[in-house]
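Note that the chains are named A, B, C and D in the order they appear, and that numbering of residues resets to 1 at the start of each chain.
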Amino acid sequence: PVIDLNSDLGEGYGRWRLGDDEAMLAVVTSANVACGFHAGDPATMRRTVRAAVERGVAVGAQVSYPDLAGFGRRAMDVPSEELRADVVYQLGALRGIAVAEGGEVRYVKPHGALYHAAAGDERVAVDVAAAVRAVDPSLVLLGQPGSAALAAAESLGLATAAEAFADRAYTPEGRLVPRGEPGAVLDDPGEVAARMLRLVREGLVTATDGTDVAVRAHSICVHGDTPDAVRMAAEVRAVLTRAGVRVRAFVPGS
Amino acid sequence: PVIDLNSDLGEGYGRWRLGDDEAMLAVVTSANVACGFHAGDPATMRRTVRAAVERGVAVGAQVSYPDLAGFGRRAMDVPSEELRADVVYQLGALRGIAVAEGGEVRYVKPHGALYHAAAGDERVAVDVAAAVRAVDPSLVLLGQPGSAALAAAESLGLATAAEAFADRAYTPEGRLVPRGEPGAVLDDPGEVAARMLRLVREGLVTATDGTDVAVRAHSICVHGDTPDAVRMAAEVRAVLTRAGVRVRAFVPGS
Amino acid sequence: PVIDLNSDLGEGYGRWRLGDDEAMLAVVTSANVACGFHAGDPATMRRTVRAAVERGVAVGAQVSYPDLAGFGRRAMDVPSEELRADVVYQLGALRGIAVAEGGEVRYVKPHGALYHAAAGDERVAVDVAAAVRAVDPSLVLLGQPGSAALAAAESLGLATAAEAFADRAYTPEGRLVPRGEPGAVLDDPGEVAARMLRLVREGLVTATDGTDVAVRAHSICVHGDTPDAVRMAAEVRAVLTRAGVRVRAFVPGS
Amino acid sequence: PVIDLNSDLGEGYGRWRLGDDEAMLAVVTSANVACGFHAGDPATMRRTVRAAVERGVAVGAQVSYPDLAGFGRRAMDVPSEELRADVVYQLGALRGIAVAEGGEVRYVKPHGALYHAAAGDERVAVDVAAAVRAVDPSLVLLGQPGSAALAAAESLGLATAAEAFADRAYTPEGRLVPRGEPGAVLDDPGEVAARMLRLVREGLVTATDGTDVAVRAHSICVHGDTPDAVRMAAEVRAVLTRAGVRVRAFVPGS
């Protein structure tokens, strides 16, 4: 079996850093690089892409609403013309940085509030997919299985990849338990790693009611913004590797 | 004889507009498109590029220091790593927008304080040229003849183009009379057009002391930020065209 | 009878201007000054406040979501802690500028998407009112009659002022016809001025169905972002003045 | 003897934090609070001011050039009208937040590149002092002894306070050894604390050549952006307190 591990990287800004990018680049096979709208000034982006290219980690564009103060987590009602241009702009900027570092952008994963909007709002999903296609139709859209984002991307002819979340509980219907609800976020690295191993092998996750639920995933999203998160991500990779799972990027040709 | 006319375009931001881009696109053959750091939100950039592509006007990246409030006109001491990344980012963003509109970015012209710094400061000039080359070595750098910017670009193997300023007085040494000095800026469209015709035909401009000075130029920079400026630009083009000068973009293949 | 005329002023940013502030300061008695989040860099704010103070026009803070690219018109879901701090920050900044110019901020009018959110969403309305009160409980909140904004302000002990819109059609229920619907925006200066005179004298406006509807207003909002808008505003003031209406600021002591 | 300890606080932005503000508030008596131009979104500012007010730490405005990406450390050539308005704006914003938290702003300390410009460039120094006085002439300007900043403030009638730097080496002339030169930054908490104790008691510091140099200081600047820095700051305070030095804010009435 094969799986990708993705994580948000380059989410500092100027003087500020977030998480341990170096450590995470040793864990993941796909790096969602912030593109300046929620995080990631150009110099940070360039350092992040350079490190990813050096390690052979696939580079993706983590596009966002323009919201530095809110880290892109605040819902915004951005009209289609503006949203599409924002996505094209960020994606283009990261592509410029990637080519300057001898790499290339292979996929797109919306960030924060835009991720959620694209998952549930067809208009936003189509805007994102259309903007991605307008820049490069060979880009892959990474998102939640069953989301409007993946449906829109597929309808526009883009390849897609589905992701699971290592540290999140799932409902019996295969949805994420909303943050804020009890038990929504898992914090035991061993348990999390075992769940992900089962996901990769059997396509199943134990839901909150104890039943098995099918979860389709080409990639597992792990976090690196705290030392505990890095440890959990490393544990997931270690358990998968020991069990013979091949961890590699989901983009074609990896 | 052949000459290019270039102008700054897309220098609005969101709700704000600056100048009459539509009118200027009928005058110029090269459009210096603002890339978001001194002006030009993504939607404005996209509209500007679309209009330029539709009219066959060459698209260039007008890269700047990050300074919306100062319109990129305030000198900043940006370290090389940051400056290079800023140029790569802006250039990449515009390339993304250009490809989404079926066009391409052909040249780079630094804006405002960065233009002046790159003209006189070798460190800055090399940073800009290196960043441009890192993204696309086929890009042309547009700048003042004799500037550090063109020298650095040439030393790094980039093609360059020299520009003259239609509405500016020249010293006997072929330099621009600094803004603020009396007579630095010319405002008679007929006189300006006649000067530019002579520049194209003979490579000469009448300096402030009445002598002739040689000015090398592949392009003439005209402005469009006021109705008077648009009229002057149109007059320059009309006079050149009537005199049999071919007005076309300076980039290769135009 | 007495009425106030209010308008958005200082809505440029750096190099960009919007509307004819000088002309509008001769028309209005209350200036809603942009505070930097949707428009209004500090130097523009200071020039605007100085001109308002010189002419005896009351100064209000036009607070907004942080959204330069969208001119504060895009709905954002800003959590209470952040929204309150944003309002306090903008209000404080304008108060600093006002005291530096020998004036003072007398009232607050939310802008754009925040105006609409505060009108209809009680949580947002309470956030805005609480933030205003925390800075200065003698400030007046200016908004739509019947809005959540005014209700929240009153429940927190703030004085309020209701405004009518000169160029907008009203439903028989006294609500504004939404922009985008036919007839929502009126463009005949004579008709608009006559409507406003009747509003001031009788408290009535002719609704879209021809019936009379009662509209309570301490102030009339006029626009100045186009030459036509300035002309309409001037006509409203001229008609009111000729009819013996006293046009003065709604804030206490004017 | 009496001395103040000051430190930069609230230098996060949105999702990003910098240093351990809680720990530093137990060490310092004056908090230089970032005002949004180099760091410090409104919610961070408000949390920082609230914590400072709760602990009785004096609040100062850390005003900066507008430069989030460069953390205000990049020299900028900002014309006087704009610079003054920028200072007034930031100072006003922090005053708004302070009043909302039941506190008040007592002093101003320019940040980063603006600190350096105000120390050496009279034009900038006068701009800063004039802006501060325009908002509140009872504010104290905190800066380096002998700097243009303090001279300008005094000439405009503002009170001033001089600061020493705990972790920096001094030349025999009483100047700071420039960062980057060997030995410019001291890292032994015991040595640093002993130096500061001598400074307070005798007004003397051992210079790089072993001689004693007189350094006038009402306040000692300590850092809190790393765990080591926090430990050093705490050691300075502990040594001073054990030696009977009273550590309290330099502003009047403390």
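As a working rule, a contact is a pair of C-beta atoms (placed from the backbone, for glycine too) under 8 Å apart; a residue touches a chain by one contact, two chains touch by 3 or more.
Please read all numbers here as calculations on a predicted model, not as lab measurements.
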| item | value |
| --- | --- |
| Which of A-B and A-D has more C-beta contact pairs | A-B |
| Listed chain pair C-D, A-C or A-D that repeats interface B-C [over half of contact pairs the same by residue number] | A-D |
| Centre-of-Cα separation between chain D and chain B, whole angstrom | 43 |
| Euclidean distance of C-alpha centroids - chain A vs chain B, Å | 39 |
| Set of chain A residues in contact with two or more other chains | 41-43, 69-70, 82 |
| Complex contacts: residues of chain C adjacent to chain A | 66-67, 69-70, 74-79, 82, 113 |
| Chain B-touching residues of chain A, taken from the complex the two chains share | 36, 41-43, 45-46, 81-82, 84-86, 88-97, 99-100, 131, 134-136 |
| Sites on chain D touched by chain A in the complex | 11-18, 39, 41-42, 68-71 |
